[in-house]
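Presented below are the structures under discussion, each in the form of structure tokens.
Each of the next two complexes has chain A plus one more chain, namely chain B in the first and chain C in the second.
And then the complex of A and B:
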């Protein structure tokens, strides 16, 4: 059996966990290609028009896997335990995909992560292994290796992250979900543009997650979504170490609309750019906003240190 | 021979140009409609500027472009500086009003607020996706009411009881406006209400959470509307300055940036006689099907852009 993994949403958080788990269990898999215009177009056709851009991209990736695998992997991740919920999209995703592609005879596999109602991640992965026809000890071993791979991956990310914080020149904290920032069609053009301007992007998503969650309390006591709390914690950790903050969201993200408002109201001493992406053709608007934001930061630095 | 600097601001609706000397004095200026053809508009602009300039005294040593067609016109004029309109407006305004603290700008499709401290831009905000409350909104409502948008301001000033109009969203504002007209509100009250709605919407969107300090300078096409200016003054409690030459601020700003940059490149008004064309072609390298724009002088390709990757790159030279 060959599993298809959509290169979207939480793939960007769990790629090493998922891939190592499947590889250790000798399960063949394929990851959909990087997002392009055709994927977004297919996803837009598949999705209801009120869905967020990122979920349209996700459905486009599922579409791109049709005929390329025997089953598509769609996990249901509802929460990380009490008080740590995710956007509803992640707990609804399995049903959304199942329903959207019901006429395509699409097989789905996945794990159900819902610690509030059932077990934690290990239990979910043991169950996932069972669905893939693997015995419990095999799945346990694969999960252990996968967690190890995830940890090593994360350490490397953290090392690069700390390196970026030490770089001279203008640094901007990029606050956004991993699946938006790393997507080739959505967030990567923003990072590429910053590179052409000689600006170092520091990704909030790369911060140490445990420390970030602890720091978040200074900015919010009630933010329900854990991913947004991680990002807000990173803002609290780095607001004095960067020249500005870019809030990068896709339209119309519910959690981000609340989180961004909170950040704009509570972080007053650092310039903030609220960048909303909607898959528009042409990036002139985005470049105008980024360029002027960088100009303003340069003016501030010139005024503060007399440097150009 | 004295040095002069040319700044061109090519917006979606209008094209503006100024020539300044070393002391930022305006030697020549032009203002005309873009009419969907930025290249043609700039040629007409250059003809008009050429007639105004004393060529025995001044020689243009550098060009700067701003506005939404800045890249295209920057290539054609071999510009020294190609800058976004926010920065250009900030620099243009602070050169004329060094004390300015807040700049309101409402254009055809976007609106922004720029906060200045000691002549330095410290913060700004721009409307996100929605064009509610910008010039195009006012034009479409004017058409609905059968009034020229230029007459909006004077009509609004005659109103004694401006009609409250929901300003949160263009769609709601429009249906609210229709409703208010049907139940008998007078035209001048509705127009004054629309001007108030533009201001409320602006202050609640781009102006949200910003500390608005005086002096305030109001720019962009909508600043020509005295009704909106008055509504801004009522809402902020401060006098709002609208410069008669406010439409030239972006062009002035980018001309000043050219001067500051100190890089010089030859420029000739003969450019207006040359033949520039742009051709779009769809790259078939991958599923992105990027629209690549090629710019030609005569038959010679001088620049190309629009490709997301190397596959769509067009060799220039």
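And then the complex of A and C:
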């Protein structure tokens, strides 16, 4: 059996966990190609009009896997325990894909992570292994290896992250969901453009998660979504260490619609650019806004030096 | 300390039990926000983030109008969707606008259960008596159940009244009577008395009337102002309008396990918020041969958007038409009526085709 993994949504958080798990179990898999115009177009056709851009990208990736695998992997992840919920999109994703591709006879496979109602990640992966026809000890072994791989991967990310914080010149904190920031068609053009301007992007998503969650309390009291809390914590950690903050969201992200507003209203000492991406073609508009934002920051830095 | 004047945003006719709970349970005054108008929407929209869901904007508009009417304390509830973060941001926006009010945000009590609620309420009602509060809470729950029961009958029958306006007139009377209720006994009496009187209103119901089921998002479906009274408009065309989702069915009688079991063929997991109820009822309406389904939500409501691929499959499998409404603060009245009329015509033609 060959598993297809959509290169979208939480693949960007879990790639090493998922891939190591499948590799250790000797399960063949294929990851869909990087997002391009065709993927977004297919996803937009498949999706409900009003759904968020990121979920349209996701459905485009599932579409791209049709005929290339025997089953598509779609996990259902509701929460990370009490008080740590995810956007309901991740609770619904399995059923969305199942219903959207029903007439294509698409097979789905995945795990259900819902610690509030059932077990934690280990239980979810043992169950996942069972669905793949693997015995419990095999799955357990694969899961431990996968967790190790995830940890090593994360450590490397953290090392690079800290390096980026030490770089001279203008640094911008990029706040956005991993699946938007790293997507080749959505967020990466923003990062690439910053590089051409000699600006160092510092990714909020790369911050130490435990520290970030602790820091978030200073910025928000009741933020229910854990991903947004991580990002808000990173803002709290780095607001004095960067020259500006870019809030990068896709239209019309529910959690970001509220989280960004809180950030804009409470973080007054650092310039903020609120960048809402809607998947329209051409980056000219986005680049113009980034360019003038960087100009403002340069003026601020020069003014600060002038005073000294 | 002077008595606090608390207010909560409009939510259909539920302001009556809410007011009772505040006045009798917390022993503070209650300010009913002024009736919602276009101005409420404009006020709320002006100070809200652009692409937040409509109920957020409507609530903000209600808060501002309630403050202008004299409220000095506001309350917001917790929720399992964006509602869970409404309170914190509403409070921030109102502070930034310079309003000096006490804001009771029940989301703060999220991880502290009953004790958390008690502590939140104690802030505005220092002499809070648990006994008085629980008595008032029980009466309020009875009032909620009463409203839900009466409105359910109304939706199914108002379209067939012999004398136009007879249901509306009695409903006004009923709300007046309910406002005077002080105990569970009185709540029970008012309910049974008015149910009897509603049933006495003569109706001309055909043997097989058109039946439409309504499903969707919690607030927009239950607040007539938010959904431009589409249930009423629909009913008045001579249709039985059936809706299961209301406060009592979602908070007090929610057989979630059974509901999930029923939709197993369409949905493997809970998709969040009211999604399970939406799918369960839609499938039930479909299987019972209703003539159509109306899906109601505010623009961008994620859990309800995620229900839509499933609704589309149910619609295909049972050949039942579904009309999708998505409300934001700018939806035009005329467009809604036109779509309802077209939907009505289509249902009539389908029914004649079948006969």
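One rule holds in what follows: the second predicted complex is superposed on the first by the 305 of 308 C-alpha atoms of A that agree within 3 Å, B and C clash if a C-alpha of one lies under 4 Å from a C-alpha of the other, contacts with A are read in each partner's own complex, and residues count from 1 in each chain.
Please note the rule applied: contacts are C-beta pairs under 8 Å (C-beta built on N, C-alpha and C of every residue); 3 or more make two chains touch, one makes a residue touch a chain.
Because the structure is a prediction, the values reported are computed rather than measured.
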{"item": "Which of chain B and chain C A:292 touches, first, second, both or neither", "value": "first"}
{"item": "Residue contacts on chain A - larger count, chain B or chain C", "value": "C"}
{"item": "Chain B versus chain C as contact partner of A:98, first or second or both or neither", "value": "second"}
{"item": "Partner chain in contact with A:197 - chain B first, chain C second, else both or neither", "value": "neither"}
{"item": "Touched partner set for A:164, first chain B, second chain C, both or neither", "value": "neither"}
{"item": "Touched partner set for A:82, first chain B, second chain C, both or neither", "value": "second"}
{"item": "Chain B versus chain C as contact partner of A:37, first or second or both or neither", "value": "first"}
{"item": "First (chain B), second (chain C), both or neither touched by A:266", "value": "second"}
{"item": "Touching partner for A:303 - first (chain B), second (chain C), both, neither", "value": "first"}
{"item": "Partner chain(s) touched by A:251 [first = chain B, second = chain C, both, neither]", "value": "both"}
{"item": "Shared chain A surface residues [contacts with chain B and with chain C]", "value": "251, 265, 276"}
{"item": "Chain C residues within the chain A interface of the complex", "value": "49-53, 56, 80-82, 84-89, 92-93, 96, 105, 107-108, 110-111, 266-273, 275, 299-300, 302-303, 305-310, 312-313, 326"}
{"item": "Contacting residues of chain A [partner chain C, same complex]", "value": "48, 50-52, 76, 78, 82-83, 85, 87-89, 91-92, 94-96, 98-100, 102, 112, 114, 220-224, 251-252, 254-255, 257-262, 265-266, 276"}
{"item": "Touching residues (chain side chain A, partner chain B) in the complex", "value": "36-39, 185, 189, 251, 264-265, 271, 274, 276, 278, 281, 284, 287-289, 291-293, 295-296, 299-300, 302-303"}
{"item": "Residues on chain B engaged by chain A in the complex (per definition of touch)", "value": "68, 83-87, 118, 120-126, 128-129, 209, 286-289, 291, 308"}
